[in-house]
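Letters A, B, C and D name the chains as they come in the text, with residue numbers starting at 1 for each one.
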Amino acid sequence: MTTTTKPHELPVQELERVTIRFVGDSGDGMQLTGTQFTRTAAAFGNDISTFPDYPAEIRAPAGSLPGVSGFQISFSSSDIHTPGDQPDVLVAMNPAALKANIADLPAGGALIVNTDAFTAANLAKVSYASSPLTDGSLSKYSVFEIPISTLNARALDGLDMTTKQVDLTKNFFALGIMFWLYERSMEPTLRWIEDKFGKRPVIAEANRRALKAGYAFGETTEIFHTHYRVPAAHLPPGKYRNITGNEATALGFVAASVRAGRPLFYGSYPITPASDILHQLSGYKNFGVRTFQAEDEIAAMGSTIGAAYGGALALTGTSGPGLALKSEAINLAVMTELPMVIVDVQRAGPSTGMPTKTEQGDLLQSLFGRNGESPIPVVAPATPADCFDLALEASRIALTYMTPVMYLSDAFLASGAEPWRVPSVEDLPSLRVENATDRATFRPYARDPETLARMWAVPGTPGLEHRIGGIEKADISGNVSYDPDNHHRMTLLRNAKVAGIANDIPDLDVYGAQDGELLILGWGSTYGAIRSAVERLRAEGQSVGHAHVRHINPLPRNTGDVLRRFRRVLVPELNLGQLLMLIRATYLVDAQGYQRVRGKPFRIAEIHERAEQILAGR
Amino acid sequence: MTELTQVPLSPENEAVIKLTRKDFASDQEVRWCPGCGDYSILAQTQKTMPEFGVPKENIVFISGIGCSGRLPYYMNTYGFHSIHGRAPTIATGLKASRPELMVWVITGDGDALSIGGNHLLHAMRKNVDIKVVMHNNRIYGLTKGQASPTSEIGKVTKSSPTGTIDQPVMPLSIAIAAEATFVARSVDTHTEHLAKTFERAGFHHGSAFVEVLQNCNIFNDGAWRDFTDREFREDRMLVLEHGKPMVFGKDRDKGIRLRGLHPEVVQLGDGITEDDLLVHDETAPDPYLAYMLSRMWWPEYPVPVGVLRNIERPTHDRLMSDQIASEIARRGPGDLEKLLNSGETWVVE
Amino acid sequence: MTELTQVPLSPENEAVIKLTRKDFASDQEVRWCPGCGDYSILAQTQKTMPEFGVPKENIVFISGIGCSGRLPYYMNTYGFHSIHGRAPTIATGLKASRPELMVWVITGDGDALSIGGNHLLHAMRKNVDIKVVMHNNRIYGLTKGQASPTSEIGKVTKSSPTGTIDQPVMPLSIAIAAEATFVARSVDTHTEHLAKTFERAGFHHGSAFVEVLQNCNIFNDGAWRDFTDREFREDRMLVLEHGKPMVFGKDRDKGIRLRGLHPEVVQLGDGITEDDLLVHDETAPDPYLAYMLSRMWWPEYPVPVGVLRNIERPTHDRLMSDQIASEIARRGPGDLEKLLNSGETWVVE
Amino acid sequence: MTTTTKPHELPVQELERVTIRFVGDSGDGMQLTGTQFTRTAAAFGNDISTFPDYPAEIRAPAGSLPGVSGFQISFSSSDIHTPGDQPDVLVAMNPAALKANIADLPAGGALIVNTDAFTAANLAKVSYASSPLTDGSLSKYSVFEIPISTLNARALDGLDMTTKQVDLTKNFFALGIMFWLYERSMEPTLRWIEDKFGKRPVIAEANRRALKAGYAFGETTEIFHTHYRVPAAHLPPGKYRNITGNEATALGFVAASVRAGRPLFYGSYPITPASDILHQLSGYKNFGVRTFQAEDEIAAMGSTIGAAYGGALALTGTSGPGLALKSEAINLAVMTELPMVIVDVQRAGPSTGMPTKTEQGDLLQSLFGRNGESPIPVVAPATPADCFDLALEASRIALTYMTPVMYLSDAFLASGAEPWRVPSVEDLPSLRVENATDRATFRPYARDPETLARMWAVPGTPGLEHRIGGIEKADISGNVSYDPDNHHRMTLLRNAKVAGIANDIPDLDVYGAQDGELLILGWGSTYGAIRSAVERLRAEGQSVGHAHVRHINPLPRNTGDVLRRFRRVLVPELNLGQLLMLIRATYLVDAQGYQRVRGKPFRIAEIHERAEQILAGR
């Protein structure tokens, strides 16, 4: 961390990583503010990771705690994996936002407040007895009190706008301050304003003025004694875009459909946090994507089975409660051995739980939530960008092995974002598989000796007319069969088919120590926190490795070997130990869990601390 | 043929037109109780198929669970014996992604109206182009005799030893209220009428709902006998014919007349002529006549059979395909490379 | 009070009659968007409760999921915020085992007609004694704006960027076809009418279905404005009154006349008098008039509000209780010792 | 095994145990025949175990293989646990029945056939090229060819009956033969005939004649060279009745309702093999039982939750596919912590599977088939009679701990039957629990410190008006809460509540060796086969123990200790190792599974053999 001096007076401090959280009322445009800062930081070349924090209510009363909306961005000159445990800077637009977020700001952290919003009325709304700005309760932070509304209004003076309209632009004033504070160009945002409001010159001008006024405020006033520089990161060369998990999921399946040469069918029923996938895909009709909003999750699943039966790349998406409803129909897909992918964007349960919050509670439901022996492959993306790759992988497994595949995302991945190196289409795997056409050789339940996949004969194929269904099938012929030995054989065959996929997936690789004291084993969205914690532990010279399973059923063939190379195994999960149970049952390894079920992602520090305790034998 | 132009002529299509009933019988041994009404429904279904001139590989039968659900095994077409109540959802997904296929849904009174009622409703209102044949035996057959949503109130069954307490639903009233574009009723034993009704349904564009009064001689024998029996069916059933006055009776001497909003049975003669009678109009934009007919029941009225309602509305698959076509026209066929690179991007050297 | 004799007088019942709207407001902070129509529905619900003279501990509000689903939190009665679409099933089980309770079901157009359609249908046909209030905003509010089963065709929503392709359902047509014994419609902003409608529903014996046209000012603002706005609502809505001719219009100068089976709007005067108009009969045994009214819609017709149908049929819980009573009368109250020892037994020394 | 001589010439052989299987066409009345023999053997004092084998079709064509109906009874002078692996005697009324069952008859077994039915037509129906009676294919059995139809017709000669009616009585002729062969009195059956056909004298007479003619045939003809005696067993004294699992389940819950002082509500949707519980309970209206046939399983579950909310003893019942459909609603019961029991009569899956066949495939679905962390106690009866006891136990747990409880029966228990010693009502546990009534102390989610059960305040209770639902609840107050720490705490509380039940259930006890070489650990309907196999192994001097878990979640506290007392642990299951996975994960014991998924119960010999292999280190 060096300190140089810039042309104008203020010293510049160079930092490796900064985390900013913008918080305000739902109406204050915090999401937009955060996104603009993100674009700018990304374009500048920082590595970034962001996470929005919407209120559960649609529109809670203005100024109320439930109405608080936030956006956190972490940007860095090195490779980062999470939006940061705690903000270094908190920008609070009103008392509610301050109250809801201040606890996360570490002592010494910077707090920028819009003093204009700290009226008696607003303080009362969130039952602040006295104003935190005056009662000394913020003494352990470096507080910057700025009358943002007033200053902004003054800047827009003379424009033909209502006071309400004027007030709506104050977020750009705050954004301007942050741009100045972190030496960012206003260009990208100014361009955005032009594109967005070009046709409404007054609004455009207002936003421009607000932004510039904020920037100028930083430059001219004395209140900031320094400002900061976070140099560009050294990301692998290529073209990048910022992407959320839900976006990457949608794109991934469109890509899979193109590479499979089959139209994508998406049958779904809206549910938080999966709905955006439906919204996104319904915009890709020119790719031949057929989206169907069903009357419920059962119908969504049924329609997906129908589309798969017809030869499409069939997909359904939901969240936990919806997955529960689909379970009977999923079993029909297992019995009929038709290829499709079931996306579950996990949220906090049980039951309705906390719909907007994240959790990893559906792993065992995915594996076992159906009557009888019903094996299904399960994959789980580790980061927002990874959602793209695993969408292709899930499709590959479904089509190659003629099986429904579970794809476990979660609320954190869904709306979290990170830079994604855009792949070129020809680098994507081809997912082409042939339909059955030959009358001579076709048998509905004859299997490929390699994959054990049955033949896929779609309606419309002359001469291959046949019947399938949910009653047990006779091996080869596929006729209804109540024969005891046949049922046993078919049960083992369905199981062997899924287990066999282990020969067709990459080995589990380990980051950091390849053997030694402690292996931290994770799955899904905990990747970032675990990896960061392990990097820190490595830097501290600890003998720690990180392995992250993206294929959970079947597990990579070398999983057992990897586990046995370490003295201790820690499995952090946002549940009460679901992967942990599988690992212990399968490998009889005395792995221990670390469980947080708070509807929030792990903090790096939590995992770091737990690992230290274990290493210290505590 | 014009009725089903979206069906592509398959290689052996010249042959198709020459298909016969036998071509539609599969090699599977039929497994219903001797005497079951389902045999006749199967026979008429197989007999009707050649009429459509659709290659048999382009025909799919999808059923739920129930005795009726076995029917697809016996059709030498593509077939899917799915799960209880969900056949319409599978048919919807199939039809949406493969508009050129002719899709039939075979269901029972429990499968369609108890566990599956909501799916039926939504498939109908969306005018999904599927032909739904509901075998109505007013009982749960496969599970050995519990009450169904069409069982008459007070019926003693395994699950209602002291009689059911539930008002039954009128399947055709539900279908009409669900905005179905084709609604008809026939009887298992009235074979010609049954075949004709299937044919009408098959040629209809959009959701067709056909209720077949079926006898379960094991668990609900004679459920419909009162008005379907040969001896008195002319007097107790009203055979609907589009554009014709509503006349019935062995001697064609009775009719239905409208008094205000109330249909009444009248004796023709002394002053009352056919001109005084209601004239059937299956294509009426208003569903009022169809709804009225859906509720007329023996002994107060003769039970109407035939097509109650038959209107045109764009089908679900057609509308979906049109939107895709117009999006392609508007934005050009999807370019994956472009899509992946869309939005805000930046380059790292 | 006679209407609800099955409600036992609770200890503080003398107090009950004196309950006021405030007694029914819970301590929970109301959390709908400012301007949401649900506020008015809540207010009228709280205002109506004292009318029934039912102790508040004997009243239960059960809701599904949706913005509407939050209402029970704001009622100072027993409340159950259940899961999406299933409220009628929970209400049925509760009412079947606790007939003395007054049970309200709060639902939305998606909750009631999309995922929950089948449960609604079966609760209605069984005449389960529950009062269903459906907040119809023609959109999915809580999930931020997807099409619902009542969304007009072509509507652009988050899930239908190029417009929906689905024919909407008419909720009241469905309720009538489902054999509901009480069917009514009102509007969030027509507060007196809304309160009156809730009162009528509450006093009805059996399933009551009330559709409330509700404004979602965030995702579907003004969905009903065309005919519910103060300025022209008299001209575009038909307020139904039992036994009265169907007159409407600011100047009460328009009416509904029946031509055959087709309702037509007529201008009163020069030859046409109120005697020529349809007279509303909510108690008609035939559902034909109610069904007709359920389908009349602006701009072709004024939109009917009020009670479309109101008939008596024994309630589900009453029939169930009666069967139990008569079984006890017939066989004597159950004797467990006897039951365990019934059937073929033998003794081993 | 002694041999004495009876008054008339034939020698009598004394046997410890005999297993007879009656097989014929659905129309041949085999179920009735079997039941009559069962009643007689039971009344005589044998221990018995029976199992019917219905055709999957309602009425398959006469004489066809799918139309074959069977009934197996094992009766013994000692305590037995299963209907027997294989019949000692097979009574076959037609070629289809012979073809479908002959494979099960061990060499040397007795085969009694109705030769009249072996017509060319009937042989053709089941594609017998030549008649097995003449082509020597039955040489390894001792075959008794009897023209039963003809002899029976002759016996009924002169009665005013159609030939069809006459033929319908031939099963009683066969029954008569068996009565003679095993020295049984005809009295019970003659009495039954009187009760049943008293009002139709001709029919009564016909059946009487048929029965007696069969008996006389055995006595007078030479074809049997010996007959057999199976002495009475030494069952604990008491009053007994023969009972199937479904009957015992229904009775058990009626008893629970009486002992809890709460009306029983049963919400269900018909499904094989659970429907009979609905049929049975709908006949107990004079006990105040309210049965509700719902429109589907979701509605059945919802109605059950509603009844529980109202204060009833709430019950629902279904089979695998129905359980899958209930899963979302079950989670609402978990979140609202309302007491109810969910009966799952397991059948062969996945999907529709083989509806009439047995399996243990729903254990993991019961435990994990819901979104989020959703702990539910699980109990599983071990025998038909045990279904009664566990119905009371499941109700006790539900009411004491305010939780839904899973009750796992299966198709084998459901229709299998055994003698049940009728308990006296006062010996049954009291299940009374109090509803909350005190305004001062009531908090919706305040918990009993002992059980962690929350208070049960039912609608109608003045002053306790409150709101519950599926969104996460704040501890104590029960208000909606999105607080991260509250969610974590509540998740752990729900888990601890169920785990704590372990302190309130009996320890796992072991039959046979208390430690040593091999422990066979089972659950559910495999009890009989395992226990019999272990008895045999013990008799052979092997160091083997049998432990059978009836409480699966939580497991008895001493389970780990028990497992560790043995060198090897074998877990036989009618699935692919579901309890096995729990055991391995929980106790890290290298237990091995033995899995048969044939839709049929284990044979004693199968388990015996597998155990021998293990003991032999194979």
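One rule holds for everything that comes next: contacts are C-beta pairs under 8 Å (C-beta built on N, C-alpha and C of every residue); 3 or more make two chains touch, one makes a residue touch a chain.
Quick caveat, the model's predicted, so the values are computed rather than measured.
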Query: From the centre of subunit B, which chain's CA centre is farthest?
result: A
Statement: subunit A and subunit B have mean C-alpha positions lying a whole-number Å distance apart equal to 45
- prompt: What whole-number Å value describes the gap between the mean CA coordinates of subunit B and subunit C?
  reply: 30
Query: If you average the Cα atoms of subunit B and of subunit D to get two centres, how far apart are those centres in Å?
result: 41
Shared-contact residues (touching 2 or more other chains) in subunit C: 65, 83, 114-115, 117-118, 121-122, 149, 162, 320, 323, 327
Field: Per-residue multi-chain contacts in subunit D, two or more chains
entry: 285, 295-296, 321, 328, 332, 351-352, 469-471
- request: If you connect every pair of chains that touch, what shape comes out? Choose line, ring, star, complete or other.
  value: complete
Message: Could you list, by residue number, the parts of subunit A that touch subunit B in their complex?
response: 39, 42-43, 45, 235-242, 251, 254-255, 258, 263, 265, 267, 284-288, 290, 292, 294-296, 298-312, 314, 328-329, 332, 336, 422-425, 458-471, 479-480
Task: Can you check the complex and tell me which residues of subunit A touch subunit C?
output: 57-62, 64, 66, 269-272, 275, 278-279, 282-283, 285, 291, 293, 295-297, 321, 351-352
Statement: So, in the complex, the side of subunit C touching subunit D is made of residues 10-12, 26, 28, 55-60, 62, 65, 72-73, 76-83, 86, 88-98, 100-101, 118-119, 121-122, 320, 323-324, 327-328, 330-334, 336-337, 339-341, 343-349
- prompt: Tell me, which parts of subunit B touch subunit C in their complex?
  reply: 114-118, 121-122, 125-127, 149, 162-163, 165-170, 173-174, 176-179, 258, 260-262, 284, 286-289, 291-292, 295, 313-314, 316, 319-320, 323, 326-327
Interfacial residue positions of subunit B with respect to subunit D in the complex: 29, 31-34, 65, 67, 83-85, 114-115, 117, 140-144, 146-147, 149, 158-162, 218
